[in-house]
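Labels run A, B, C and D following the written order; every chain starts at residue 1.
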Amino acid sequence: MSKGRLEAFSDGVFAIVITLLILDVRPEGSGLTGWQMFAHDWHKILIFVLSFVMVGVYWISHHHMMHFIAATDRTLLWFNLSLLLVVVFIPYAAALMSASHADATAIRIYGSTLILINLIGAALWWYANLKRRLVHSTMPEWFAGFVLRLQTAPMLIYGLAIALASWQRFVSLALFAVVPAFFILPNPWLEKRISGAREAMLTPEDSIGQG
Amino acid sequence: MSKGRLEAFSDGVFAIVITLLILDVRPEGSGLTGWQMFAHDWHKILIFVLSFVMVGVYWISHHHMMHFIAATDRTLLWFNLSLLLVVVFIPYAAALMSASHADATAIRIYGSTLILINLIGAALWWYANLKRRLVHSTMPEWFAGFVLRLQTAPMLIYGLAIALASWQRFVSLALFAVVPAFFILPNPWLEKRISGAREAMLTPEDSIGQG
Amino acid sequence: MSKGRLEAFSDGVFAIVITLLILDVRPEGSGLTGWQMFAHDWHKILIFVLSFVMVGVYWISHHHMMHFIAATDRTLLWFNLSLLLVVVFIPYAAALMSASHADATAIRIYGSTLILINLIGAALWWYANLKRRLVHSTMPEWFAGFVLRLQTAPMLIYGLAIALASWQRFVSLALFAVVPAFFILPNPWLEKRISGAREAMLTPEDSIGQG
Amino acid sequence: MSKGRLEAFSDGVFAIVITLLILDVRPEGSGLTGWQMFAHDWHKILIFVLSFVMVGVYWISHHHMMHFIAATDRTLLWFNLSLLLVVVFIPYAAALMSASHADATAIRIYGSTLILINLIGAALWWYANLKRRLVHSTMPEWFAGFVLRLQTAPMLIYGLAIALASWQRFVSLALFAVVPAFFILPNPWLEKRISGAREAMLTPEDSIGQG
């Protein structure tokens, strides 16, 4: 299967997952006023926003990896489908957070889901870099390890959130939000490395659209 | 990330959101006739039509902006994801309108959602035009301000709808409908400016398909 | 907006609508066996199959029209969005058929939905052919009228189904199925005309993929 | 209709179906803890994983067939839509498995759904190879029969699962899982043949992406 098709299919799944998240936030209770329903849904909206941003981060991270991957094979394809399987599971994990008002079990399942995605993402990247078989030959060598660290570091944070779930639920939730913040907020350290690797590959057509 | 991929992902999210809107309109009540169920869903259908047209207008407006944007960066990417986050929220705001029979709170939340989308859209455009970094060099200078005004003017109308929500609900709903009407009905004033800017950029391949 | 983007967005909406139809067929009733649930859902499955095929026919018909359209403008864009609006409404009309066990009102609403799609489709085509502004210059002249008749003829059949809804529900349902059968079953009369028009346009790249 | 469009539409439907599967797994029961809800949903998650992998296998198999198909016609188009119709039915079959705790009827309907997909897939491939009309002229001749056997062999396994449904439900479920395992686990026998046929066609652009 061509890399382009793999990316288009993955993008489709990411787009559907990120949109389905809103289906868990629905006004309920006949006879209530709009305000009563909205007040009741408030914590669900927060979980929706957190999960939307999480899926957004995974989508961008998926793209960055795919940018440096030149070829696919059957194993990479199934690594990718496994990754998507767990991404598709996020709406359930988010719904469990909503339904249980983010109790300890729900936080642990949510965190485990995120860890699993990073784990499969790291495995996919590690496999693509085995003897540099599937990555672009112009990709700098140091970049393989850099991405692997970017994929594994959040696992420690999610693990800490899981460990604290029974005692400090709000700290756990804050820890979940730390990872996307790292990727969203201005971050010269991160940008220098990614753009460095991109420039080393000399792919000027990537940042200029088809305008 | 390339502009093409950003657009394809955004289009996917817009297409899913515009279709999910129908999921809020479902016949309910076992033992009722088709007519009784349809009569009961009538006001939901009106809200569906309004919201469908709204998402359609935002989709077209998103495309017009992207047409003049030549390059992306991480900040633009996250402006775009924030825009999509609030677009994905529209089905909830619409469902709240349905469930509360468009009471004052629901109108305020619906209007605030629309204002937020325009606000982020204006910020995205403003950011892309900072020192004209991310827009096409051939885009006429006056066009930057023109689009900014197109993005901000509807906010005043939505704000008026919110202000009137407690007294004149039907005026508020009519005000929501005014904005898409402005973009849908024949509008030489609008078309002259957009086609003027497009011609200045000389992109004849845009209106001729791949037929 | 380019024709390619319009088609991609429309395809996305068609794909989502055709898939969402299954959401109306869900096993219900806790404590029932699989067989009891399946027996109870049987008529819903038939309506799912009918509606799936209907959306499929509209998708193909949309493509055939777009194949001969060379350029778009804002009016065509809104004709297309109106068409999609009513296509997105099909899952509701189908759900109403399911919930009411296809009573007369549900058949009338289902039939009216289909008529509306054909009506907007005919208007879209008529508009594109006004002074042949938006169609390919090599399209044979007789083809404009031929497509217009293809769009309008089913309206008569759907209208008959609506007229018979109170007396002969099963005849109405059979009439709905007649139209897709006309387009699906081998049909030399239809194929000769479509391939004739395509050949006149000399677009060999259309039936040969990128394989 | 071009092959590219057919593939894009099919990919869209596959992506939506594979994501919708999670909608059947939803935490239920107000007042329960996260753990109680998760424990109650556990068997639904297993059915979700099984069905996700099944749809994934069908998606890949669809692509492999399409890779060797060079042209489309109206009949092939409707074979493809029939295939998609049954793929779209998978979420219902999976939901029936969940709701009935995988009773004999549910297993039979699930298995019949899978058999039907393979049957239509085989018919589609057989039709495309009739006098080699629609396949690439460089495709090796032995490959037509090879794919036909790949499409039909799983039917025997699914048939066995159906036959055992009343006595050995867990054996039936294990049999369902055998087929994707055959396609996912390292399989030199399979890979040699597919890559042999691909190489015979000399299409180096397929495994190298646009990176």
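As a working rule, a residue touches a chain if its C-beta (ideal position, glycine included) is under 8 Å from a C-beta of that chain, and two chains touch if they have at least 3 such contacts.
From a predicted model like this one, the values you see are computed outputs, not experimental measurements.
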item	value
Label of the chain whose CA centroid is most distant from the centroid of chain D	B
Residue-number overlap at the chain B/chain C interface, same or different (half cut)	different
Inter-centroid spacing, chain D versus chain B (mean Cα positions, whole Å)	37
Between chain B and chain A, distance of the C-alpha-averaged centres to the nearest whole Å	26
Multi-chain contact residues (two or more partners), chain C	7-8, 12, 16, 20, 23
Topology of the chain contact graph, where touching chains are joined (line, ring, star, complete, other)	ring
Touch relationships between chains, expressed as pairs	A-B, A-D, B-C, C-D
Interfacial residue positions of chain C with respect to chain D in the complex	7-8, 11-12, 14-16, 18-23, 25-28, 30, 32-35, 37-38, 41, 45, 48-49, 52-53, 56, 59-60, 63, 184, 186, 191, 205-211
For the chain D and chain C complex, residues of the former touching the latter	1-9, 12-13, 16-17, 20, 23, 66-75, 77-78, 81, 84-85, 88-89, 91-92, 95-100, 103-106, 109, 136, 203
